[in-house]
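Presented sequentially are two complexes of chain A, the first with chain B as partner and the second with chain C.
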Partner chain A sequence: MNPTSFLPQLNALAGGLFLLCTFGMVATRQVQGCMRFFIWQSIFLASSAFLLGVHPVVWDLLAVAAINLINKPVLIPWLLRKTVPEEVYTRREIDQALNIPISLLIALGLVIAAYVITAPLLRIPAGPSVGVNLPIGLAALLLGAYTLTVRREAVPQLLGLLAMENGAFFTSIAIAPELHLFVELVVAFDVLIAVFVIGVLTRALQEHIGTTNVGSLAALKEESAP
Partner chain B sequence: MLARIVYNLLQVAVVMGFSPLLAGTINRLKEVVQSKRGPSLLQPYRDIWKFFHKDEVISEQSSWIFRFTPYVVFTAPVFVTLLIPVLTSYPLFLAFMGDMLGGGFVLALAGFFATLAAVDTANPYGPMGASRTRLVGFLAEPVFMIVFFTVSFVAGSTIPYIVQQQWVQPLSNFFEPAHVLILLAFFMLILAEGGRIPVDNPSGHFELAMIDESKSLEYSGPAAALMKWGGEMKLFVLICIFLNVLLTPWGLAGSTALSEVLLAIPLVMLKVFIFALVLIIVESSLAKLRLFRISEFLGAAFIISVAAMISWLFAI
Partner chain C sequence: MILIVILALPLVASILCWTPKPGRRIASRLTLVTNLAILALAVRATLQVIAKGRVIAIPGWLELDALGALILLLVAAVGVTASLYSLGYMKRTTHDLSILHHYYGNFNLFIFSMLAVPVLVGPSVAWLAVELTTLLSVLLVGFESNRDALEAAWKYAMLTLTGAAIALFGFLLLFWAMHVAGGSTYTWSGLEAVAPHMPPAVVKMAYLTILVGFGTKVGLVPLHTWLPDAHSQAPTPVCALLSGIETSAILYVILRLMPIARASLGDAVDRWALVFGLISVGVAAFLLIQVHDTKRLFAYSTVEHMGIILTAAGLGGHAAAYGAMVQIFSHAFTKSFCFFAAGAVLMALGTREIAAVRGLIRSSPAAGAALLTGSLAIAGAPPFAVFLGEFAILKAGIAGGHYVATGLLAIFLAVAFFGILLHVNRMVFGNPPENLPAPPGMPWSCALALLLAAAPVVIFGLYVPDTLHTLLSRAAGLIGG
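Coming up: the complex of A and B.
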């Protein structure tokens, strides 16, 4: 059997696992777990880009895979570790506006919505893997936005933002494989800077207030001069 | 025809004979992981043997349900064994007697009777465990439904023998995202239904925390042996469905030759052993969930199964 015939299937599998990791980010209660799911999500994103680019060879996609593999599973967690103080990670329970089962059901609704919205678009003949990557990428985008809304803790909110970005990437590697490499590089560095800024901000929050629970930061407070 | 009847009975014999060995293997290896030596692999056989030779004590306050339940709990997995592929990849004599839904009903019947019997004796721990089992059961039910409907929708049939062909022909079906997600959801279902660790601690004997175990607390003698053996067979049957229908339908006998069917026994046991290793890794690396977190665990399983269904329905 021709081994390249497996590639679309493997890409679909990577897509399924990508979606699963995004669900995990919504479902988990711990900052650590959220981070771990994000790392796996990025790895599946990179593997999808690799699978789409390996036959026929598209160098841009392979470069995207390499950039993602270095940037997201390695650099971003490392940067967060460096900037955000340890107490944030040792806190096991993340404060949430809704409880986990309800937010899982809402997440499920969002995924169904993503599939329903993209169904008419997929009638247009496109590349072989668009049918997988477009709805799953859109679903990850929606789930990331949802995580951003429902979590009240700084680091998981940041990870929600990054999940949105991953979702957009996941769609773009199938729709626009010839996207200029510069765009990818710029986005990669942008994300890195964003992580750095938010990490420093979280550190300042933790040092001044003793919590990173941004949900309770509703009132202005005057700081006494040292 | 005669061969198919004989093999059908052989399946039952295999399940009855090897399910205590599976339980013993899991117990032993779990102790090994905890750097202890652990009981012998044959300990469950000795337990059952010992229980059969003991006297039975039955509360005067209990009704016929209490006496009747061990037989239901023992025979339900045997009936399901007649319906599912354990050793052969072609339908046996009674394969069309019932489908997977029927098998689910038969197992649910055993669970129903076990619950009633636990309430029957008015032992304070029995009803507590029974109500918790119902909690897990009704949360697991939607997962079972979605998994079952997706699988039978894909295969166009509800007979497990037909379903098992579907995922591996062509082989690329195996990597279908729906398939992988279904496998994960069903694995979580086995953990919940089999009373394994993130949901229930099978080796814990702390009455306030136990779920599955507390239902058979009141039994003694042969009845206890039947309950124990029935529980072990139920786990074995669930694992057989998982491995032979959904995950790895290889290594099963393809023809009616006796040698091939006999060769299938060690192959199936090898698969079950590998599954036991995975189960032990999961059990040793996770902690038991708090009772009200079980809804999250099974909620996650439900979400996964629905995601599998969606990705199948839309990915045409």
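Coming up: the complex of A and C.
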């Protein structure tokens, strides 16, 4: 069987699952559940890079797949556990800003918006995978931003941010496979710094204020001053 | 070579700050010496740029042209005054002196990230440097570890990193556009070469996502909400860096992009810049009136100035672009000076509340005089440097026939002028509150930093040397004027 016929279909499947995981991040209440969805999202990102790079072989994409597979499902959770106190981890969020059915409806709206926004770009002649990866990547970017806005706990906000970057890279493996591998490596490192810094900040919040419910922090406003 | 040394110095200094002995003990002085060395090298590199047009360390990765040199020079200059100011200020305000080396280690890393933005010529690595400016300064913003500082740090991190992720999407689209147009080197000049052939739909989306994404970090309204928090809660020397130069260093990336986007999209690029810029100036000017905190006052003024620069870039033409460059230059010096003055007030009276400060000129004359000078200078009163920039921009706007935009800009500038001076007038003059304890004197390093920072604010308002004029003029040429 000719791999060029089923690889794009597998890639579309990976894209669908990637998007589904992002929805999971919006919908789940547990911090740990959110983490698990993020890990799976990263694995599907790596799968898509692998599928696009395996035939004909594009070494850069295979390397991107490998980097993502090591960085996100392994190093990031490990680093987070190192920096963030255990109790933050097992937390359940009760007071999300919006309830879950409404959240999912808005998320659906964002996905449709992503398809509408990218429609004019898809008229540009490009490989078959662009039609899958560009709108789905943008959708994940928007959903990540949305997660960041409605979540009140520190760790899910960070995961929303990482989901946004995953979205950008999900697009890039299709539209910019020639991007310098050095850049990919440094970005992977940069994501680790981000996780470390935010982790340290989360710990400081827990130690000095006694909460990581960052949504409740609202002391800094003009009106609050006498 | 010189560029590599400039980037390596703060990294080495930062590592030394974290080594147990004697690194921790000398961290503060080491930081000052490092920043002085960086400034000397930055001046040298700038002179080379003026002589040769371009300094190249690693072709396609590390290069410096006039626009980059301007930013590099300003980062280095504010780095020197901020590290000098830190000497006395941090000792006075930090509760636990044993953690001060963390401050200096982070300080050098932050300087490194800002120096990296103008010398990296690949948009993707420049994006990375911008992301690092956030990551390496978050812990500085939250350094005081109280509720307010940590809240400010969190908002700063989340909002600007979200912006960076959106901008990343834009930079990847830009790469795609370049590839479709047949380009192969992803650098600013590589992009410019193929810009007319890039598909407009892709460029439009890339430009808008980068404008919005990095606009968050620059503090453009309505994405500015984190800025007054972070720029007021951080330790004063860090505020000077954040407000004085970090915002301009990020705006620099947007300015770089404008001629490239213009080649593909035409005038629309300028229109968006004008709209974004004017909204920022206008909203910030009115918000200035209702602040209660000295540092927040200057933070809103930063939002206003970023708007002015973007508006100037959007007016188009060499004269307006030149005004934008003068504005970047004078804002960096003046705003860092303003924050040093606000820090002096904070050290003298222990408060940032505007309402709690009266008759400063009598109770602490040095802090009062500094605050008054800084406020007049940043509000755009002659004969200070900011006035020259604002005047050049307004003149260029009228000459270019942008009557509505220029008129609005002039009104907003006037509102901001009165907003700032309304507050500062009350703080500086009048009778000091009764039975005020005698304020402690200013540490010598802070006084010296204030003097050093004041010098360019005054001098460049009266006299612009030829070399500086050449640099600003060439930099203006690079953003399409």
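The rule is short, and it goes like this: the second predicted complex is superposed on the first by the 215 of 226 C-alpha atoms of A that agree within 3 Å, B and C clash if a C-alpha of one lies under 4 Å from a C-alpha of the other, contacts with A are read in each partner's own complex, and residues count from 1 in each chain.
Simple rule for what comes next: a residue touches a chain if its C-beta (ideal position, glycine included) is under 8 Å from a C-beta of that chain, and two chains touch if they have at least 3 such contacts.
Bear in mind that the values here come from a model prediction, so they are computed numbers and not experimental data.
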First (chain B), second (chain C), both or neither touched by A:L108: first
Which of chain B and chain C A:A66 touches, first, second, both or neither: neither
First (chain B), second (chain C), both or neither touched by A:V214: second
First, second, both or neither for A:Q157, with chain B first and chain C second: second
First, second, both or neither for A:V74, with chain B first and chain C second: neither
Partner chain in contact with A:E178 - chain B first, chain C second, else both or neither: second
Chain C versus chain B, contacts on chain A by residue: C
Touching residues (chain side chain A, partner chain C) in the complex: 117, 120-121, 123-124, 126, 137-138, 141, 144-145, 148, 154, 157, 161, 164-165, 167-169, 171-172, 175-176, 178-180, 183, 186-187, 190, 193-194, 197-198, 200-201, 204-205, 208-209, 214, 217-220, 222, 225-226
Residues on chain A engaged by chain B in the complex (per definition of touch): 1, 5-6, 9-10, 12-13, 15-17, 19-20, 23, 27, 100-101, 104-105, 107-108, 111-112, 115, 119, 131-132, 135
For the chain C and chain A complex, residues of the former touching the latter: 122, 124-125, 128, 131-132, 135-136, 138-139, 142, 145-148, 150-155, 157-158, 161-162, 165-166, 168-169, 172-173, 175-176, 179-180, 186, 199, 201-202, 205, 228-229, 232-233, 287, 290-293, 296, 353, 355
Footprint of chain A on chain B - complex, ascending: 171-173, 175-178, 180-181, 184, 295-296, 299-300, 303-304, 306-308, 310-311, 314-315
